[in-house]
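Here come two complexes built around chain A, the first alongside chain B, the second alongside chain C.
== the complex of A and B ==
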């Protein structure tokens, strides 16, 4: 049952407040890192490796340095050898320290070999071509299978690297979990399914590529204005790499032009900062679109095998998931993305007493994996929800019904919650809110499931089908990630809200402001939100792991409640009434008697009158659990049986994200995630040559969905209330992206009877699958 | 080699120094019109879209030197008497702005559509926005915003 708390009682929360940054964005104010003036700045360009695996035997920068306008050339010979990880995670990062600023051995085509700082971008780019590099090529590993071969070349044999599970076998990380006896469970089941799915190299494609501007402030401190999701991790990691005290660095996050995980990575800040420290001049680095594709980060491609055992009424008895994740040349997020392929998927089906998870992350000489919205769950759900569909087919049951029989419910738990964490064990938790049944009811109705499933409606060569899948994610990393917020009251009864939480376009500044406004009884306009400046705001781990609404939101709620208590105490003195009877609403404190005093009067008294003090508070929050949002996903597709082309005709995504603090923003998260997932399902794939070179690093050749490619995605939010969330909220940002691959694969099966197990489902792959079935007949 | 052209930017005629190889995008950003975004340099993403003599173009694909004597409109030039253009306001009201990086280009393309078609259908809008990539919104609320602006500009019920 949903909590009896009715979200409609809120004055600000639950309302479609316009985004606090919307005016600046629609009027084109210079709010992004690349918009800052670059007058007097040096421009940085990179030279990239042309080999997948090679030792640099010599590097001669003299011709580049001699070019007029070149200020500095950086290579492995004149930069710090400190080992670190580029993954912007909490300390100590659960990713291996397997890279340095410039590596003397290059491990993928596109790895940076040198950087040039020059007066103009053109000069910098020209100078990179004057750097003479001699390589001794090494045998390269270009697939998961090659990485795991007994005699595979070793990719990280260097002594300095730490945190690698088994470097000699190219294994970055391992997770093994056994609950019960899965082999006996499967063997004893009436029905069994065994399916293996593989996902491709894909890139986040934020429309704003990575960009950083560095300069020295008047005290000689290094300031980094950077398009990042993790300003505090940037400060800590850059301090380590550049051997600076943390207090000598200030990181400012302006507006960010999309991140989706790729900006949870320290890619440019170290080099840009070093150029500024060496030259004393401002410096700017901005990735080109091809560099963004090849040299930044990607989604880890995975091979996921799922085996299910079930009774003949469709109740799961055993679930086994075996994951091999390809992290590419460096182990950024290698352990944790792989872990999440299991930890964010397996608890969904908690009926099975026997559960097994096997995860391996391997190095290859290919582009580097990183955090990407969904974070492993996306890959895991492809196989899990394909297997569930296959189970339904074997049982001749409605796929919706098979899910209904097995999904987790309120008051229930899963041993996987405690078994798999992020670099350490997870935490036990009991689900406090789950409206998945209602999500399914709505989805079935909206898509027209009963009429369309199995109907195979024909329209010329096009055959229609419907598919579905269900999902959960988390809300932050329990027991690891902390967010903090500071609130202070101003003369006019307004408040500054200072947060380390990192709005990368999601609207988190707005929804965190709404939470504060709700507690303090003021309109959102009276909350001045300032986020993500390591000098000015309290700590926050940043925007990842679906954490901001829940973790940072709870910190804001706490800080606001503490400020509210101080305000109430002043009001109590002013009204001569018991503080316990005083509430804040309409920008006033109202006593039990009905007498009122305005917040402005309270502020003026506290700042200038008597018992003077700054009303305000700082509060922190770490989740001791990570409440999962839930999603039921339904799609209708049309498959062109002559060409193999797949068109998504209708998409319904019904989400339980607790109370939606700002429904427009929450819907937008689901709509955008589904759109991104549809691209991932149908067209997006980094094509890689036999030499490890990405062949399509442009937006012409790597096709992300444009407006005409998509149906009107229907995001529906169900009423729900998460007891531990701020105002009943939990997360919503990632979950949607997990859905389209299995939903569309299952819809293709419904339409034409072929099972697609390798994404993306391009026309070529679908046609080949259709041909294979035809030749069997 | 630098040369000087005359550009009318947001209604103000001005001399602008350009190099032979400069794109209109580079010149506009250099002149301080930072709403014009740099997303791909290949005419694929549309973040640099501006109106050139009233037509939406990807400014990264236009040689600046070819625009001598022409008129450019960017998002900076849309506000009149303190009022946003109806499409700017609709982008805010419908929740169509997420990261906002593609927003200026999308607004300019939307205005181009509305100047030619005062009563667009949903498909008209989607077709018009085909060259403006957005990774945040799934285009749902962007399309709603253009339709809402069309109604507003006709004095319809959303006015």
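== the complex of A and C ==
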């Protein structure tokens, strides 16, 4: 373990370096997959199922194929029957193999039934309407309760599917954990709380939808230029589906216009690649906004019940969480999102000796769940932090104080860390950094907690209230996720940094460059970052599970340290000084004597002078643990008691993410996640008809927050140092989205005394809750 | 697509006379949505954007081509308030009141003001010249008007005696760029109160029962305000759709009407 370093001594890390890709982005360079020239490319359009559950009895593509300009029509009849999962996870994926490229049974409205490749997008779209499909409709399952009903229709009865826990009962996965005796713990507690919260279908709404361009290189290899979070998983899964050797595929991720988890999924690369292989021509597929909503991936809706038992001084004795997660028609991320609802929440309150977790993931004939920022923790925290607020009310204690008495601290552990993993047991870990107390202190001060809590300030029909919640997440998947980095030195003392890590607009290319620059004693400009190209960069699992800063960052640090050792060895020979006394600063190696030799001189000598050797190294990193970042979240809301409208007036999010490699970028992650979460809390909801059809698959009717809807969001980073992190860093990308739902729900309670347990908190729902309370009185 | 960029009204009227099915393009904030979202492909388009006379404003006549961003700064307070809630700054810079009238969406943000003002719609055709249609006769259904195929909306004609006390409010899923769930405009003048509402019927409507009740009161008491809310909730005719429910719209219409009547008294 490296010694803690005072972050204020860093030269590049901890500084707000401009993003390395900023200039190309703001000057409109053609940096996205959709920007690539589509000259001569075939355009792909999809035909989607109009049934929630139906068997295709016949599919006639002859009229579509006869249309002028149509090159190819793909259906289940002429595509591989290989079973796989679209979830872009490590191998073997902990998601069931329950789909094929085109399924002969459709399981949700919007499932792709056929693809047309044609000379123009218009022809391709027109041709989809000429495909004649006959369906035998099957009874559909449109809710969690219907899925679990005794005689529920079976959604995945096919023999070919593997990895389903109990297909006959529509149960994808089960996690049961018992530590101590939770029933006895609750029964023996002075105070108990029992609360159930439900979350809605929501979509990630990346500005850039899924887009892929496929072509053959001069050696006939398949190249996929794709807006993905997981280029190496794309290569592996497409190879399997198309029965192609991995070495015949190259995946390149260019700039990406947002992922948020929805691009941790292999949705278009297989079809686009197959069109190119069958026709020999480049091909382009891009989802429309409605397709992005309906046919890509969503956040798993969950029903989460939390029961707490506590002593009358507010110390938790027992925590029980029961989760039912709706994965929709396919089990993508079904097990792991459900697991994270417990594994990323329960360790936060490690005082309780009795802990129970029950998780079930069920199939329905509804849109498919997937990875979405927060990854189950978001859903779990709604119920857990609502229950903690209810506990505070029952105890007549300050909600902040109840958290202070129960949250995990440095040097402590939780049995949940080892009990719940991602498809296998988790890892034991001891918290090495936790500044939650400081986060709470700052949040209380900044929001004006003491003055505003319980004050119910009135402003006409608007009543103000404040609420809070606390959170943790992880930094990568311990013992699973691997990232690697290669560094090589150039003539002028600059370096190429080649990383498999995947920048989605998150700034990871920049912060990984900063880590390398820090170790090598050069400015960021001397690090040429190239990432996410399976031919050119080393392996990395990709951007998910809040892994990149910690996992890929540690790989970069190691590679840079190895390169630094090679540089100091050369410098030692040049300076005729002991390598142990040589440090790298200001683009030079400086000996203990104070004599120096520039990196350029070192590079020239090692490339052209004597004992020539390429200075460079490749290093890998897998976490032994997944250090949690922490967050204290506070909001002031105003509730219109007559219309039920809720306005977020002020928001303070105080995060412990270890050392922020690039503070502006880290603050941006927190601000963005809070904004994302405010939308999820107040307006974002995919409305689904009684036939399983999404009724609002456009940005007209599905409302994400715009600037006038957002309060000033104050993202504050506290000083912290994670001993196992690169330069002391932990993750920061996901944690913020967990906060707004419980924070706002608790603030609404403070304002008007009603508990919102179903998100989003629309005016209609808030008014109904107010009416319900009024009629009780 | 055939595109006519008319330089003056006569040129536009001639084009419309020749091709009555041509789509009219002003700000494009409705038409381009149809084009982009529903893949509507008009065969002919007549652009009105260069026609200066459609952009003229006086206190009694608002040219059809006047944009929301101008109305935001205009003299009619309620219309200015409504204009501020339209779309985004970009949409307000392009979208026009004539377009709002022509589209005739039940949620059109300018329409409750027109109803409260008892304004009329001035339309013109090459064949029959100008006619002025009272708003009640102009809006006939959801996105349906009595505009003839060869006619162009040229102005909103405003009576010169409308009350200066004007209040507007709307409820929507969020603040920015939202289609309203309910909107309401109240005017208070010497002749009493006028209450108009949007998104609660196929067309903009006046809450005539509530107006009658209020205008019979000697003094507006709390009880009278409560009664306004109740009567408005009863007389609106909203529907349930994916944006809200009938019940919520009824309730919110009453709340907004009561609130704006109260505000107009201050």
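By our rule, the second predicted complex is superposed on the first by the 772 of 777 C-alpha atoms of A that agree within 3 Å, B and C clash if a C-alpha of one lies under 4 Å from a C-alpha of the other, contacts with A are read in each partner's own complex, and residues count from 1 in each chain.
Basically, a residue touches a chain if its C-beta (ideal position, glycine included) is under 8 Å from a C-beta of that chain, and two chains touch if they have at least 3 such contacts.
Quick caveat: nothing in here was measured; it's all calculated off a predicted structure.
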Chain B versus chain C as contact partner of A:687, first or second or both or neither: second
Touching partner for A:706 - first (chain B), second (chain C), both, neither: both
Which of chain B and chain C A:461 touches, first, second, both or neither: second
Which of chain B and chain C A:145 touches, first, second, both or neither: neither
Which of chain B and chain C A:696 touches, first, second, both or neither: second
Touched partner set for A:763, first chain B, second chain C, both or neither: second
Larger contact residue set on chain A - chain B or chain C: B
Which superposed partner A:643 touches (first chain B, second chain C, both, neither): second
Overlap of the chain B and chain C footprints on chain A, listed as residue numbers: 698, 700, 705-708
In the complex with chain C, residue positions of chain A that touch it: 461, 642-645, 682-683, 687, 695-696, 698, 700-701, 703, 705-709, 762-764, 767
Touch list for chain C against partner chain A, complex: 33, 37, 88, 171, 173-179, 181, 242-245, 248, 251-252, 255-256, 259
Chain A-touching residues of chain B, taken from the complex the two chains share: 33-42, 44-45, 47, 74-76, 78-79, 84, 88-89, 91-95, 97-104, 107, 122-123, 125-127, 129-143
Contact set on chain A toward chain B in their complex: 16, 18-19, 21-32, 34-35, 204-209, 255-258, 260, 286, 288-289, 504-507, 662, 664-665, 667-668, 671-676, 698-700, 704-708, 710, 712-713, 715
